[in-house]
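The two complexes that follow have subunit A in common; it is paired with subunit B in the first and with subunit C in the second.
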Partner chain A sequence: MKTAWKYALAALALALALAPVYWLVTISIKKELDQFAYPPLWWNFAPTLEHYRDAFGARSFGRFLANSALVAAGSTLAALLLGVPAAYGLARFRWERLSFWILSTRMLPPIVTIVPLFLMLREARLLNSLLGLGLLYTAFNLPFVIWMMRGFFDEVPVELEEAARLDGDSRLGALVRVVLPIVRPGLAATAVFCAIVAWNEFLFALILTQTEAAATLPVGIASRVTQYEIKWGAMSAAGVVAMAPVLAFAAAAQKYLVRGLSLGAVKG
Partner chain B sequence: MTERLRLPAGILWIAPATALLVALSVYPLLYSLKVSFSTEAGGFTLSHYARLFQDRLFFLAAAQTLLYTAVALVVELLLGLGLALLVDSLDTGRGFFRAGLLAPMLLPPVVAAVVWRLIYNPQFGVLNGTLRTIGIDTSRLTWTSGAGSAMFSVILVDIWEWTPFLFLLLSAGLQALPQEPFEAARMDGASAWRIFRDVTLPLLKPTLLLAVLLRAMDLVRIFDQIFILTQGGPGFATETVSLYIYRTAFRFFNFGYAAVMSIAGLVLTTLFARALLRLLRTR
Partner chain C sequence: MDLTFHGITKRFGSVTAVEDFTLTAAPGEFVVLLGPSGCGKSTLLRIAAGLETPDAGAVRMGGRDITRAEPKDRDLAMVFQSYALYPHMTVAENIAYPLRIRGRPASEIDAEVRALAERLGLDGLLDRLPRALSGGQRQRVALARAIIRRPKAFLMDEPLSNLDARLRLEMRAELKHLQRELSTVTLYVTHDQAEAMTLAHRIAVIDRGRLLQYDTPWNIYHRPANLFVAGFLGSPPMNFFDHGEVILGVRPEDIEVSREAQPDWQPARVWVVEEMGNESFVVLHAGDTRVTVRVPAGARFDLDQPVWFRAAPGKTHRFDPKTTEALG
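Here is the complex of A and B:
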């Protein structure tokens, strides 16, 4: 194929991938009259920030945003606190069958466990609570943390920590002082992917957080879509706010995208 | 140090995580079994299982899920492979194209679906608007609101959103291939097509297998986009197993029957994954 044709084709694919995202952004900054104008306005419109003021003006939106941030950060931290030691243990003590089992729990479709989990959380009075949702996200992200971190730990030569232990460090001390600094970029990428999964998750949040006080951003957006009269501008603004941190974080973790997304994408 | 002394230490590292996973994945499965045999009052019953075999709608939802999975998987695989080969063959700007092409799969699925609600709207949407400006009659193009076109339309969204996933995996696979076989083939004067068929494809097979399996497992549980785009409608046109279970459990509050369907879903998914693996290995 001629080089020019190749670039044209790649550019076309790129345009198709990005046009819908671009369109969402334009709707979020167009006046209502321009949003559904015919012919469609791709660029020649007067931008406005009224929909963002509208979205942030609603008290519930700030609540959803805070809930999403809190549950994403909390569940990521918890998954790392449990998952990193487990990954280290599996890497150094070589429990292969347990490793495989842990990974396989990630393949369990969420819809299969949602009914019993709903009933369990109802009994524990953890419905409509960020704690309950965060607990599930922690369990959901655990296999991912273990799988990622185990790979990183396998790459660190055992001799390094053995030297530290000869100097009098405990195993935990050697892990914290010697091994973790070496795998820090991988650790950061793992955290980013956990946070993205929790931030994007919809099915669990939809079922387990039905009150406005506990709902996350995707649930808040979804509840607006299913109303009769949809405020497209405010909803698009909310959508832009929901996707912006994801794109920023993914860009920051770009080096680990393949490793992170290949398993990270196995989600509800 | 003996093996017997080391084992308990290993357990301490691993036990907390394993305990949480058992509590929130194995226990729920067993709980699900119990619920599937329970009446609302808590007694024993087989009626939920009996209902499954008479429920035409469940089988319809299963068939539609399979259709959705099959069509989306084939198209996404071919497009993803084509794009990976195309971008891989570019001299400059590969990183730029790779990063840009991944955007759709990173969006929160709810946001991606909202975007397409905007695009598909038959009266005001940008899709029909654009088609009209180039002179196409759009009065009958109803996209997600038409019974005949809804399934096609939700699959199209899936292709847009998840082709990047296959592109990502296959791109990485291509980059990791050894260069010698390609050089040897080129020295022998093999055509581009021959190189692709006899060198690239066989070398890429493990990656292809993994990509197809991961994507298929994700496709059979499809929920988010359809929930936002059509809620399974119009009528039953885009209902999938996940949506049907959701409706049964959380709209009609029939947890027993929902549990039966999720167990059936799990069994079917496992069988499907095994069949897929076998099929792909022999090819």
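Here is the complex of A and C:
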């Protein structure tokens, strides 16, 4: 009986979470007329791929996709390269105030920084550039990486490193050969979150990239809202395509994600 | 290779963990640092390892000053209380790690790991991860990892304390045999007097960061240098009798007890009898003082029974109540 309730609740939560996705996917394969039918056509419509042709056929779709991939991968890598050593330092040497200060950069709504950021990037000639956007996402994700990874490093007993150093390894060697392999699940979880944030980010990308050459996928999709019409079908098709890599990434890292999020909960 | 602490002082904030500590472990010697928890013995081990730097004093090994050397440059091996096995490496990889770091060829490493594993009864476990091992097996892996590169000294921090009682005795004997065989100078930290007595060539008794006595187990037990050492070693502990200008100490086995009155013996009553199987401990009340006596198994004493006791002639230790030092 208890299990039945559990499954019912899980099903409900799943339905709530997946309903918009279902709507997105069906809109992307409905003919324009069916999209606005009332009452809505939940399943009995003739599917079409015309919106996908429309979306992919658009001049810059491939460009947007590549831009997004580049910015997401680049900023994730950069945030990890900077954040992981910082997190290790914070975990192993006691700098409580500094950790708080790092987190404090996440405490204001990001939108309030947009005007100064716009001006700074303009002065640096990094408006409309993937490098500028990537730098920004790196900065956004950095405190997150530091805080996540600090938690994972805290879980690794100091004795393991001490043992490695006595076994003949340097501090850096102990970090690379002993500590990092142990926190690999945490590393994977952190990377997935960073990549998703960068991949989905819309607001800053919209304001800081005004040319197609530098626009990312969310901005590209939104550009199908034009003065004359809103291309729901093409937008939905692009949305489905945008979702796919994140899903694939998360599925591949799932085993790490679950372990990463529960690391330390179980003594092993 | 000998290992020397020379005038070591270490403070953590306002707490002095170790104060002016000097001790030399001779080549091949097994030295046990014995003391209650928080006495500074683990700090000394960590200073020897290079994991802590002393505020004053020097650590020397074979005459070379290693006070500020990196742990990796000291060529010491340490066995931790928690074993500190690398959880993501197999048993073989754990044991091989010190050799791998030194860039030894893989075939050579493999042969040495196999030989050592066989010697320590670990063959057949080489592909397992540490979490699939029992406590005793983990202990052996930790030992193997320490032994494999034949370091100049072993440092051991309560290595047996996580094992159950029976396994602890077994590993204690194995450890002693292994150390005598390798003849490598060893510093061993424990609060367990039985481990100290059985393992050590010499015991260093430490309290509140100071070295109170450094001698063979026999002398530590039979000629304690002060009240603390006298009371810390021996189970049950030594009986103390305060006579104002002198404190007398008598071990439970050095007290004679009689069911009949004897001239110059002190009267007392039996308070409790603890039977251990191979011997018994009788606790007497003589006025306000409580006296523990070791008697042979089978000796019959009843609760509240009147008895008479005295210290066996020549078996009394005398201590100065002011300095707590032993008197001639």
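Here, the second predicted complex is superposed on the first by the 222 of 268 C-alpha atoms of A that agree within 3 Å, B and C clash if a C-alpha of one lies under 4 Å from a C-alpha of the other, contacts with A are read in each partner's own complex, and residues count from 1 in each chain.
Convention: a residue touches a chain if its C-beta (ideal position, glycine included) is under 8 Å from a C-beta of that chain, and two chains touch if they have at least 3 such contacts.
Quick caveat, the model's predicted, so the values are computed rather than measured.
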{"item": "First, second, both or neither for A:A248, with subunit B first and subunit C second", "value": "neither"}
{"item": "Touching partner for A:A213 - first (subunit B), second (subunit C), both, neither", "value": "neither"}
{"item": "Touching partner for A:A124 - first (subunit B), second (subunit C), both, neither", "value": "neither"}
{"item": "First (subunit B), second (subunit C), both or neither touched by A:P157", "value": "second"}
{"item": "Larger contact residue set on subunit A - subunit B or subunit C", "value": "B"}
{"item": "Partner chain in contact with A:L9 - subunit B first, subunit C second, else both or neither", "value": "first"}
{"item": "A:I111 touches, of subunit B and subunit C: first, second, both or neither?", "value": "first"}
{"item": "Residues of subunit A that lie at the interface with subunit B and also at the interface with subunit C", "value": "268"}
{"item": "Residues of subunit B that touch subunit A when the two form their complex", "value": "6-7, 9-14, 16-18, 20-21, 23-29, 31-32, 35, 83, 86-87, 89-91, 93, 97, 99-119, 121, 123-126, 129-130, 132-133, 160, 164-165, 168-169, 172, 210, 214, 217-218, 220-221, 223-224, 227-228, 231, 241-242, 245-246, 249-250, 255, 258-259, 262-263, 265-266, 269"}
{"item": "Residue ranges of subunit A touching subunit C (in the complex, touch as defined)", "value": "157, 159-160, 162-170, 173, 177-178, 181-182, 268"}
{"item": "Residue ranges of subunit A in contact with subunit B within the complex", "value": "1, 3, 6-7, 9-10, 13-14, 16-18, 20-21, 23-24, 27, 35-36, 38-40, 82-83, 85-86, 88-90, 92-93, 95, 98, 102, 105, 107-120, 135-136, 138-139, 142-143, 146, 171, 196, 199-200, 202-203, 206-207, 217-218, 221-222, 225-226, 232, 235-236, 239, 242-243, 246-247, 250-251, 254, 257-258, 261-263, 265-268"}
{"item": "Interface residues, subunit C side, partner subunit A - complex", "value": "49-51, 70-72, 74-78, 80, 82, 84, 86-88, 97-98, 101-102, 131, 145, 149, 155"}
